[in-house]
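I've put the structures underneath this note.
Here subunit A shows up in two complexes: once beside subunit B, once beside subunit C.
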Partner chain A sequence: MATRTARRLNMHVQGWLLVLPAVVLLAAFTHVPVVETFIGSIFSTPQAGHPAHFIGIQRYGDMAADPIFWQALTNNLLYALITVPVSIGLALAMAIWVSGRIPGRALLRLAFFMPTILPMIAAANIWLFFYTPGYGLLDQVAHLFGFGSTNWLGDTSTALPSLMAVTIWKESGFFMIFFLAALQQVPPDLYEAARIENATRWQVFARITWPLVMPTTLFVAINALINAFRIVDQVIAMTGGGPNNATSLLLFYIYQVAFSFWDTGYAAALSTVLLIVLAVVALGQFFLLDRRIHYR
Partner chain B sequence: MPENIRRSAVITGGWLLGLIWALPILYALWAAFHPSAYTTDFDLKAPLTLHNFARAWVAAPFARYFLNTVILVIGIMVAQFVICTLAAFALARWPFRGSGILFGLILVQLMVTPDVLIVENYQTLHMLGLIDTLTGIGIPYVASAFGIFLLRQAFKTIPKELDDAARIEGATTLQTILRVYLPLARPVYVAYGLVSISYHWNNFLWPLIVTNSVSARPLTVGLQVFASVDQGIDWSVICAAALMTSAPLMILFLVFQRAFIQSFLRAGIR
Partner chain C sequence: MTGVAVRSLVKAWGDTRAVDDVSFTVEKGSLAVLLGPSGCGKSTTLRMIAGLEDPTSGTVEIGGRDVAGLTGAARGVAMVFQSYALFPHLSVADNITFGLSVRKTPKPEMRERLDKVAELLGLKPLLARKPGQLSGGQQQRVALGRALIAEAPVCLLDEPLSNLDAKLRQNLRREIRALQQRLGITMIYVTHDQTEAMSMADRVILMRGGRIEQNARPSELYERPASLFAARFVGGSSMNLIHLDNDASGTRAVIAGQDEVAVLPRPGRGLVLGLRPEDIEIAGESGDRPAGHVIGTEADVEEIEYLGADALVTCRLDDHRLTARTRGTAAPSIGARVRIGWRESAMHIFDAESGWRLDPAGGERSRHAPHVNKDTHKERETST
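Then we have the complex of A and B:
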């Protein structure tokens, strides 16, 4: 009996030993920092001779009065609300094109997917060239049609949409492959039936394709939403948050506050807000995907 | 409208979008392979040159950046394989107390990736003395929730009988993993490896924060430093550098296109 208990215990210990390296690292770089971020946001930053003391929600009050925070948050919400649906719409269109009988589909698929492989920093630098006032391709095309030069990234009204275009360009091809996989799952006899009934392209899309790829659309939307709140590479490479914070996004503002202004306490408070946003999206995912959309 | 006209309209639309999508890369290729004078002069008779690549290569320590990225990417992948395999095996096949809750806690990292926690993680690295090292760039990513999840799924589909058979022959736990689980889950390792390589080849924010010298700087950070500081506005050289830093990944993709797309698909479904 005693040996059996011992063997049981041994089993649990061995199980924990197997997961130990992963658990230690995950705790050290994910779970503990989440808690520390929150604690760091409600305590003063310790300095020589001044240990940290409790300051409560003071920083959150500062945040509510910080126009740059509100701008970064608004920019980020706008960024998500525009880039996510546009990328998904384009991705679905790309998938339908590439899965149909279009000549040169392998090449077309490559054209759509290639931006995904490119590092964002490389893509951002290529697009910088694209956007160069007067000299870049965009303005050269504009000149052909008789328009003047535009300082795409230097004007507060065009800077954010210009960055959005890069994100849409880079992400659509990635989402396309999920729709390609989903389209392969659609039973061919449904299309056959639609053909016999003389359904139009639009009817086929609205009645068959769209409802059947709905779970994929939701899945892609959630992932795209999470990504939208972690966007930072192109902001650093293309605008540095400017002009006048017009392209500042949450993670970029955190980066700026923490590593340019060296205000770690405020950065912790901002990070807490970002974590809450991500948690809300995660809960949304939980409820939306758990309700499961069935069409059969 | 007759059907054939509508069909050609659809095809034209597809190709138009494809052309727009290819334009930035084609434009970068044009600028990189032609002398600066032809950067925006699309003369088909313009002479081809590798001069821009040569200039970029000597203008910044790209050789070192390449070395750093290759070591980083392979190091992270190998470490992820080891650590995630052990954890995934335990979670799939080893009934131990608390495994359910543990798995839930691990999945938190799918949402809260290390780059969201830059402030605290930077302080942790500082404490460990790992600032400006390749280990420092890689260590937060080594225990990957995504890898554990993916491998656990794969291990669960492997028949328990094979596991039992190996044990009856006297294999230890590690031997069982190596001889039974590793070979049978090979496609998943390939998929995970490709995703890991492309993710870390492209990763930027965390390496930017952690590094402050050439010795640990990966390609993405090196390219950014090069494009923003070292270079004036010679677009042909910047395009050459941008393409150069992406080339290995793009070639890898072109060769293993199918495997890549399969991996991203597998990887996306979490």
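Then we have the complex of A and C:
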């Protein structure tokens, strides 16, 4: 009896020892900071002579009354709502295009994937040139057709869509690779069976391709959504959140609050909200979409 | 009446001709098997009949109509794929009705036809399942159901049973044949398994290297193989092939290296004698010559393969080895000297160089090789 208990204990110890490295890393760099962030958000920011003291959920109340927070949140939701479906759609369309037998498809694939290789800062600078009023690429084209110049990044109505375009441009090529892999997993027999039944191209897409790449779509969608809430470098490089906070996104706002205004407590509260948003997004997607997905 | 007519079909990829001038017709309501080793062009031919592949030249006619430019259902053709090609994300019912729903068949009619097909194939209890939850045999039935529900006049099957085990294959073979006859469908069935071909077909079209080797009823294929290739390919245990030579006088054919037994009353150099194991009889150890047998000789029993009902007895005759099929209980013992014999009519004579069948009596090649299309016929004469 005693030996059995000892053996079982031994097994548990061994098991824990095996997962220990992973647990330590995950805890040290993910879980502990999350908890600390939350704790930081319910204590006052320590300053010289004033140690941190408990203030409860006061900051969350402040947040609800903070118009810039609401603007950043709305911007971010809008950003996700538009860039995610558009880049997925484009990625799938490009993947279907270059998975077919067409001349020069290796070059096309490379061209589509190119934006992904560029660092965000480089991409942002290229697009800054495109958007420059007067002599930027977009305006030069506009001039050809007799339109006036537009201050794409300086106008509150065009600044956010201009940033979205960069994200879509950069991400769809990356997502295309996943769809390309998924499409090549679909047995060609299935398409032939559909051809025998004289299914139209649209029917083939809607009834075969789309359901069969669904797991990839879910994976890509979650990644795209999380990316949409993590964008910060592009905002810093291109607009600095302006004009008039029109391009301020959650993470950028957190960055501003923490490192420009040095209000780390409020930044911690904002981070907590962002984390909750991301968790809800991920959970929602897994549970809602999971049931309608066929895994092979 | 013609179900399917294929005329001078060619499929070339660059310099290689996968299908080289193939012509045949399949009568309405009959089952034709395209038989041959892998790479002989049988599947490519089938795919061209289905419209999945465009022929380089030649035409396909279905029900008397040239169907160039049409595919599958539009040609009046349904198809069962080797891999079944079932949609993994759709239920059995949705898989079967896929074609109907693509063509926007009204719901009530769809349900009625699904009912009928499910009943026919015993798929009723499985309709709600996904293909991944079915056994190989069940998946095969679903694939068959998807082809049958279209009620297309022509059904094409591409090695439909090759992924199943032997027992199941036998059952499904019978089932498919029975369905085909009951529903009066024209079927073209591709296989590399000669048993499947012989047991199911009304006509067997034997292919080799992109050409038709022989197009005949199964019994003709067995009894009068048109070439050495056909002789080797068809039949449960393969045919004995023995080189012949001239005898001392140069007027009669004898088994090469043996001057005793006259096999044919004509010069035999360059000929091959074919004998099926079941046509060779062993007289037993007493030395009696089997009654009524025209040709016989003595040989030593070298090897016995006991199969239960039958036994394959391999005898040595100088440098030649001959396999005879006897009843399992009547097999002689190894090392015994036995008298073997065969009827004159059981002999198949082939030209050793070209491989084509010859008429045993004359020097000319057989004029009555049945149902060989004219082009191949010409080809033969130039090659011999």
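Basically, the second predicted complex is superposed on the first by the 259 of 296 C-alpha atoms of A that agree within 3 Å, B and C clash if a C-alpha of one lies under 4 Å from a C-alpha of the other, contacts with A are read in each partner's own complex, and residues count from 1 in each chain.
Just so we're on the same page, a contact is a pair of C-beta atoms (placed from the backbone, for glycine too) under 8 Å apart; a residue touches a chain by one contact, two chains touch by 3 or more.
From a predicted model like this one, the values you see are computed outputs, not experimental measurements.
Look at subunit A after the overlay: subunit B and subunit C fit there side by side. Residue contacts after overlaying the shared chain place A:195 against subunit C, while subunit B stays out of touching range. In the superposed pair of complexes, A:187 makes contact with subunit C only, with no contact to subunit B. Here the apex is the CA centre of subunit A, and the angle it makes with the centres of subunit B and subunit C after alignment on chain A is 80°, in steps of 10. Of the two partner chains placed by the overlay, only subunit B lies in contact with A:275; subunit C stays clear of it. Once the two complexes are overlaid on the shared chain, A:208 sits against subunit C while remaining clear of subunit B.
Contacts of A:143 after superposition on the shared chain: neither subunit B nor subunit C is touched.
After overlaying the two complexes on the shared chain, residue contacts for A:255 are found with subunit B alone; subunit C is out of touch. Taking subunit A as the reference, the larger set of touched residues comes from B, when subunit B and subunit C are compared. With chain A used as the common frame, the shortest Cα distance separating subunit B from subunit C works out to 11 Å. Shared contact residues of subunit A with subunit B and subunit C: none. On subunit C, the positions that touch subunit A within their shared complex are 50-52, 71-74, 77-79, 81, 83, 85, 87-90, 98-99, 102-103, 130, 132, 146, 150.
Contact residues of subunit A toward subunit C in the complex are 187, 189-190, 192-200, 203, 207-208, 211-212, 294, 296. Looking at the complex, you find that subunit B touches subunit A at residues 6, 10-11, 13-15, 17-19, 21-25, 27-28, 31, 40, 83-84, 86-87, 89-91, 94-99, 102, 105-106, 108-109, 111-124, 139-140, 142-143, 145, 148, 173, 198, 201-202, 204-205, 208-209, 219-220, 223-224, 227-228, 233, 235, 238-239, 241-243, 245-246, 249-250, 253, 257, 260-261, 264-265, 268-269.
Remark: subunit A residues 11-12, 14-16, 18-19, 21-26, 28-34, 36-37, 40, 90, 93-94, 97-98, 100, 102-104, 107-108, 110-123, 125-130, 132, 135-137, 140, 169, 172-174, 177-178, 181, 201, 219, 223, 226, 230, 232-233, 236-237, 251, 254-255, 258-259, 264, 267-268, 271, 274-275, 278-279, 281-282 touch subunit B in the complex.
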